[in-house]
């Protein structure tokens, strides 16, 4: 890892830690939201960037976990994060396992469409069913706590601290994961599937493992999202939501860990600023997406990597 | 939460906020003695997405009303901070968070989608802001979720269609089939009608719930012909309403099974696209631009003169939202710091709205007339008043 | 028992029989070359052996097991390794990483989720051995995609060495190589042949006759001759049908 | 009060189930026929869009999410030409199709051609960006309101046999138009040189360039044809649907389902897929109303599990 990157991460970490001290509740929740999307984006990057699995149904796992958390709070009254967090991740993981088993039989566009189809089924299941709150979703009115009721996770600052901790844990975990033999194997699959098979790798099993881990992490993000907004509604299961996260990953840079986080930040801010500037912000966002994809190979991380003057070494082929 | 405990907690919350966040703005005294301090109104509406024209119409109506008041409310100049919720709760919660906590507006007006309203309401009330709801009509807002600082200017879903039940029975039809878009508003409006229709002795022969993403309703029409109901009562809105009304007429059903529905089926923004297919369709609602009362005639004429646009339900909602704020704040002399007094002042607002006499129920939903509106040659004509002073049931509201 | 045996192996693409009724035995420790004119079905035959293709009819036995329906990775785990005609290395990854990915399959204990891949010493040693055997040590951090063609072919062989298969299937290993590179590779292959059974598809007759101890000639998907190099050299049918003189 | 309310809803939905099951039992032959007609008609509409999608993919290898934009632009242009400029319908109709072909070619040359041979991922993102751009341009030019589109006077009214069998003339016309297009496409693919290339492409895209064909004009031609078909679909559908920004978005996903069910690149597959989806949609709404929305997705998931490359797709 280059010195520049280390310095960058340290500076970013300091900034992140300073956020609550700035005293603006908005800033705190805003950064919380970006971090939640950063986890979500990085979980999708594990599929797309490290394993070559382009999914348009990734929001399903995010949504399932958010709904699981909301239902647990609304129907059972459990608002202890120590219970609802594992529960919701378990739900997302189980869903990812089933969807993965079904969709990984297909490849290429068929895989993209199969993931989209299954996610749309979940969308309609939730949307058309009163148990899930129908089109308006489930709004959790009670507050969430961590372990003991004295740690109020619905408080913006405490929630922020929790989300920062989780984000760091996810990043560190993934940094180890992608350097492990397992992570290297995924990169090999993405690079040359046929060759991996000839070396004796059981590709299907690795892809499924990758898909399920990605699903579990998306579930983690979904759980945190619910802590943030208290609302689980069908729009979080929509394929458009998946497409947006995919854009974050692409904007930031495929196959990197920091890229998708930067992408999440840029994407959220882009829409935010554009929608303030002009009513026709979709036009601007559309143009940015088209241009960035056509010309900005490797996303922001890639462009930064190519700009050697910045000191980001482009020598290392991977990571 | 009762008003008393809420008020006593207000000061505490404010202090806690100032302490925990060290926020400068939150700690600024909200005393009104500064006189010229601008009144900041957060306006959160869908300006993009399928209901964007709702957002536009409400904004136009609101700005018209503000202009008529010389840009001032209770002697304070008004600053409007707009936010586009895109009819998406994910976006809505972000925008609401920004406008309520960063821009620190004095009160919030919003929104249209009943899917976005819950997050908006949560953020507004968590931060002790007055919330005026210009359109979103979910029953729960002024029932289970009712709150002393949340006032709705439009109507509840129940209010829109329930009176049409007994009214339709009196007109003749005894066996009615219903159809409604499969989402909360569609279900609430259609079920309110169906319930009252059955209570009066009518029969609901079948209920259809087409999905939001469906384009083509033709497949349902064969069933309508087979079951031969006396009438059809429906809820559709936006482009789906255009599709439904056109397809219903094209299928030759309009002359066989008369079509009734909620006023969203044929509002004046949709009517040009529906064309002759809408002729003779009768809807129940709280407003039509052709209402003959003096307040409406004045509103329609002045609105047209000022904006060049034809008045519609959305413009009226925008107009009335601002009127409610203005009349309420005049009673408190522009002071929003005492939430109990503020709530009480707004609650007691009464005026002649373009839709007819306007006052709030105990649950802070309007008590208003519901009319039968017929589409004819590109116009919406009020053919009779279905029921005067309709009030949404308030039992579920404990606050 | 032969190491590998095919029974009436036949592969149709549409109406065309790319491989037609081929019954062949590959004995342990031999270097068995498959030759034939372009379009004779050599690569298709190799793909049938490695499992990339499944035959229309016929069957395939490896070490006595019927492997006809086995997937390529299962065959690889059972000991059938292959190289590809067009270099098929991991272009985005470094040389070292290419070899490491191959080598780690041989150490079941090396599959962790969290410990860095570089911490597994036995894998590391294996990679180092191969790198020095193939003189790739100097370029171990180079992206495989940036290597010269000859080096990529070597890396391809190196990955095969790393998984140490019982049976090696080599698809035109010298294609596109210079004379010197070819000579180097012949030396390497000879060393490999000492430890492995090799099926070699090759069009360079010098290489074939230099290395092979059995040769099978395919024409239009069918075997027209099979035997020791001298027999093949002398075979009239082969000379007319293939060697052209 | 609210508890009573939710109980009430349950009772009502249970009741509507009972009714629809009864409807199954006694579904009369005329009702059945109408549903078959509906299914075919919706299927033909889908086919017009799906055939363009599948052509673009089969020949160029491009997944174009923005194909629905051509559907929308076609409808808007006819609206613009007839309502604002007062052109006669045939002129408006043909000009709109021609204009969409021009727009399509510009898009193809400028944005999609560079994507040939690149990741599906890039294609998905760029064409998603194009959706945003086109939808918003529609708002810029024509506003957010729904615009009118009338049925030509010749095709108004409905056919009636007996009491129950009533069917709009326009829908029959739409079905016939769709079938004619399908026939035309069949002839094109079966009998012409372009068709040969298309068939080669759906089998193996490498083959197209291996045949030594200069691909650029072929790509342009195929893409233009696809855009024209989508525009035609939009124009024909405008009188029964609504002309509004994003009108293509709802239908494009269903069209993709059709393409995937049929097998990407296969016109025959698109035709069969379109009929399957059309019929399932039409009967599903009546027979299984509570799950009708997700039926077509379930069908697609089922088919992909059974045949991972669709019904007529090339096995990978």
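Labels A, B, C and D are assigned to the chains in the order they are written; within every chain, residues are numbered from 1.
Everything that follows uses one rule, which is that a contact is a pair of C-beta atoms (placed from the backbone, for glycine too) under 8 Å apart; a residue touches a chain by one contact, two chains touch by 3 or more.
These figures come from a predicted structure and were not determined experimentally.
Undergrad: Based on which chains touch which, give the shortest step count from chain C to chain D.
TA: Minimum step count, chain C to chain D: 2.
Undergrad: Give the chain pair, either A-D or A-C, that is connected by more C-beta contacts.
TA: Counting C-beta pairs in contact, A-D comes out ahead.
Undergrad: What chain is the most remote from chain A, judged by the mean position of CA atoms in each chain?
TA: With centres defined by C-alpha atoms, farthest from chain A sits C.
Undergrad: Please find which chain has its CA centre nearest to the centre of all protein CA atoms in view.
TA: A
Undergrad: Hey, how far is the Cα centre of chain A from the one of chain C, in Å?
TA: Each chain's C-alpha centroid was found; their separation is 42 Å.
Undergrad: I'd like to verify one number: the distance from the centre of chain B to the centre of chain C, where each centre is the average of its C-alpha atoms, in whole angstrom.
TA: From the centre of chain B to the centre of chain C is 73 Å.
Undergrad: Between chain A and chain D, what's the gap in Å when you average each chain's C-alpha atoms?
TA: Going by mean C-alpha positions, chain A sits 32 Å from chain D.
Undergrad: Between chain A and chain B, what distance separates the C-alpha centroids? Give it in angstrom.
TA: Result: the chain centres lie 36 Å from each other.
Undergrad: Find every residue in chain C that makes contact with two or more other chains and list them.
TA: Within chain C, no residue contacts more than one other chain.
Undergrad: Would you give the residues of chain B that are in contact with at least 2 other chains, written as numbers and ranges?
TA: If we look for residues of chain B contacting two or more partner chains, we find 48, 182, 187, 209, 211.
Undergrad: What parts of chain A, by residue number, touch at least two of the other chains?
TA: As it turns out, chain A has residues touching two or more other chains at 124, 127-128, 282.
Undergrad: If each chain is a dot and touching chains are joined, what shape do you get: line, ring, star, complete or other?
TA: Graph shape, chains as nodes and touching pairs as edges: none of the named types, so other.
Undergrad: Which chains touch which?
TA: After working through each pair, the chains in contact turn out to be A-B, A-C, A-D, B-D.
Undergrad: Across the complex, what residues on chain A touch chain C?
TA: It is residues 173, 176-177, 179-185, 187-188, 191-192, 194-203, 315, 317-318 of chain A that touch chain C.
Undergrad: Quick one: which bits of chain A touch chain B in the complex? Just the residue numbers, please.
TA: Residues 20-21, 23-30, 33, 124, 127-128, 134-137, 139, 141, 155-157, 228-231, 233, 235-236, 241, 272, 275, 279, 281-282.
Undergrad: Using the touch rule from the top, collect the residues of chain C that touch chain A in their complex.
TA: That would be residues 50, 52, 71-74, 76-77, 81-82, 84, 88-94, 97, 100-102, 104-105, 110-118, 120, 141, 143, 159, 163 of chain C.
Undergrad: So in the complex, which bits of chain A are touching chain D?
TA: Within the complex, chain A contacts chain D at residues 48, 54, 56, 102-103, 105-110, 112-114, 116-118, 120-121, 124-125, 127-128, 130, 239, 243, 246-247, 250, 254, 280, 282-283, 285-290, 293-294.
Undergrad: What part of chain D is in contact with chain B in the complex they form?
TA: 1-2, 5, 8-9, 12-13, 15-16, 19-20, 23, 28, 31, 34-35, 38-39, 41-42, 139, 143-151, 157-158, 160, 163-164, 166-168, 170-171, 239-244, 246-247, 250-251, 281-283, 285-286, 289, 292-293
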